[in-house]
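Take a look at the structures below.
Two complexes are shown next, each including chain A; its partner changes from chain B in the first to chain C in the second.
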Partner chain A sequence: MAETLHNWVRVRAMMPPGHVRTPSYLRGKRGQVERPLGPFHNPEQLAYRLKADQQPLYRVRFSMAEVWGKDAENPGDTLDAEIYAHWLEPCDAP
Partner chain B sequence: MGGQNAGKIPLEGHDFALWEKRVDALMVLCSSKGYFTVDGLRRVLEDMGEDSFETMTYYERWVAAINQNMVEAGAYSLHELGTKMAEITARAETYGEASGG
Partner chain C sequence: MPHDHHDHSHEGLSPSGHPYRADNDGPLTYWQTMEIAMRELLIEKGITTAAQITARIEEMDRRSPADGAMVIARAWTDPEFKALLLRDGSAACKSMGFEPGVLRLIAVENTPDVHNVIVCTLCSCYPRNLLGLPPDWYKTRAYRSRVVKEPRKVLAEFGLILPDAVQVRVHDSTADMRYIVLPARPAGTEDLDQTALADLITRDSMIGVGVPSQPTAQPTAQKTVTKAAR
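For the complex of A and B:
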């Protein structure tokens, strides 16, 4: 049974110093929202003992072709990663 | 993934030293008391820099991260920490003897 995927998103490509939970290798990559996971306290504030906002967390699905480009051994394989809303921006399908 | 070559992964398990188990217990105790979250530990581990992953063991990095978070949370001062460390060091040469004192 095929799963229904949601909007296309691009992970923000910024590289601020400090603690963030967004994997470096996914920054700037496009994927599709697999499902929303609900709000969680922002780890970027928790890490510094700050009062933390709640941020929606999404599971996003990326193709190996998107992650590795021409080096992908199995371009159609996918990887799911959980990424906070403030790291995602809407984009067109690749 | 997305990182650097790290050589072979040792797959055989190993037992933990007493002090390592105590570091684990300290982490559970201090985080359950609300002094820090796992995010605070991760932040300090990352701030230690890449070299620390070569020069320190897993639990050495952990205890350093716990300590940094406890100091930042105001659980104890550096002066209190230094005084206690000197007191324990003066007790005996080895960890076993010093912790039994």
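For the complex of A and C:
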């Protein structure tokens, strides 16, 4: 199921304050979209009861080599996480 | 004191010689006080009733890994249902009468080449509607921080040693999805029905830190007894 991975993306390496659901260990890392999940309200606004934009949410698959570099336990293992569109930018394959 | 005649002190020990365990209740925290105040106000103002609150807590407590096990057992025996579960986990659960709630469920399938494991590094997101409350270890900083960095070592500590040829896929529940692992059906279970299969499916196998139990020598007879006792 859904084994065809989509385009390459990089998680933006920003560090804004507040309620952010992009784990910091993935910021700046490159991965491939595993599947789009549809639009969801932006939790960074929801958390403060602000009027929340809808943001497309994606499941992004990273290799452990990309996430942990040479410290990776097994470089070919993977990590999937859900990342909102405003945290992603297109990039080239590594 | 029954032990007072001894020449050594048993001060602070129970009659059987064990230390007393401290009581598990202390003063209320700020947020506990707030919760009680809010609950009492909602009841006083007629917005909800104590009975409704109790019913909701009971509803949450009724959910258990046995619910998830029924979903997995059906997926093992019904290819069409399995396809639905992998395509739209929430719809599959709903079709079996398990209310998925507002969060969407994604089922990830273990195969001979792939092993999946679930975590929420940011907090404790867990498919509560299908598996009940998460185990305490799932919420610990140790599990959350280590399973994304050294999943094989963590799985080995749970007793699951995976060959290098099997790819480990860690799923971090960072946002609006909840995850359940569809474990591989154990060999030698061809003759079991869904009820007997469900009894092999452990909570840990649906989180991905374990695999289903192996059937015992006479699984069918034994499982019938267990089910009837519930």
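The rule we apply is simple: the second predicted complex is superposed on the first by the 92 of 94 C-alpha atoms of A that agree within 3 Å, B and C clash if a C-alpha of one lies under 4 Å from a C-alpha of the other, contacts with A are read in each partner's own complex, and residues count from 1 in each chain.
Here is the rule we use: a residue touches a chain if its C-beta (ideal position, glycine included) is under 8 Å from a C-beta of that chain, and two chains touch if they have at least 3 such contacts.
Please read all numbers here as calculations on a predicted model, not as lab measurements.
S.K.: Just chain B (first), just chain C (second), both, or neither: which does A:G18 touch?
M.R.: A:G18 contacts chain B only, not chain C.
S.K.: Residues of chain A touched: more by chain B or chain C?
M.R.: Comparing chain B with chain C, the partner touching more chain A residues is C.
S.K.: Determine, under the contact definition given at the top, whether A:N7 touches first (chain B), second (chain C), both, or neither.
M.R.: neither
S.K.: For A:Q54, decide between first (touching chain B), second (touching chain C), both and neither.
M.R.: Touch status of A:Q54: no partner.
S.K.: With the two complexes superposed on chain A, say which partner A:P43 touches: chain B (first), chain C (second), both, or neither.
M.R.: Both partners.
S.K.: Starting from the residues of chain A touching chain B, keep only those that also touch chain C in the other complex, and list them.
M.R.: Of chain A, residues 23, 25, 43 contact chain B in one complex and chain C in the other.
S.K.: Help me check something: in the complex, which residues belonging to chain B touch chain A?
M.R.: 1-2, 36-37, 39-40, 42-43, 46-47, 72-73
S.K.: Please output the residues of chain A touching chain C within their complex, sorted ascending.
M.R.: 1, 21-23, 25, 37, 40, 43, 57, 59, 61, 67-68, 71, 73-74, 76-84
S.K.: Applying the document's contact rule, which stretches of chain A touch chain B when the two form their complex?
M.R.: 18-19, 23-25, 43-44, 46-49
S.K.: Using the touch definition up top, name the residues of chain C that touch chain A in the complex.
M.R.: Its residues touching chain A are 86-87, 104, 106, 109, 121-122, 148-153, 164, 167-177.
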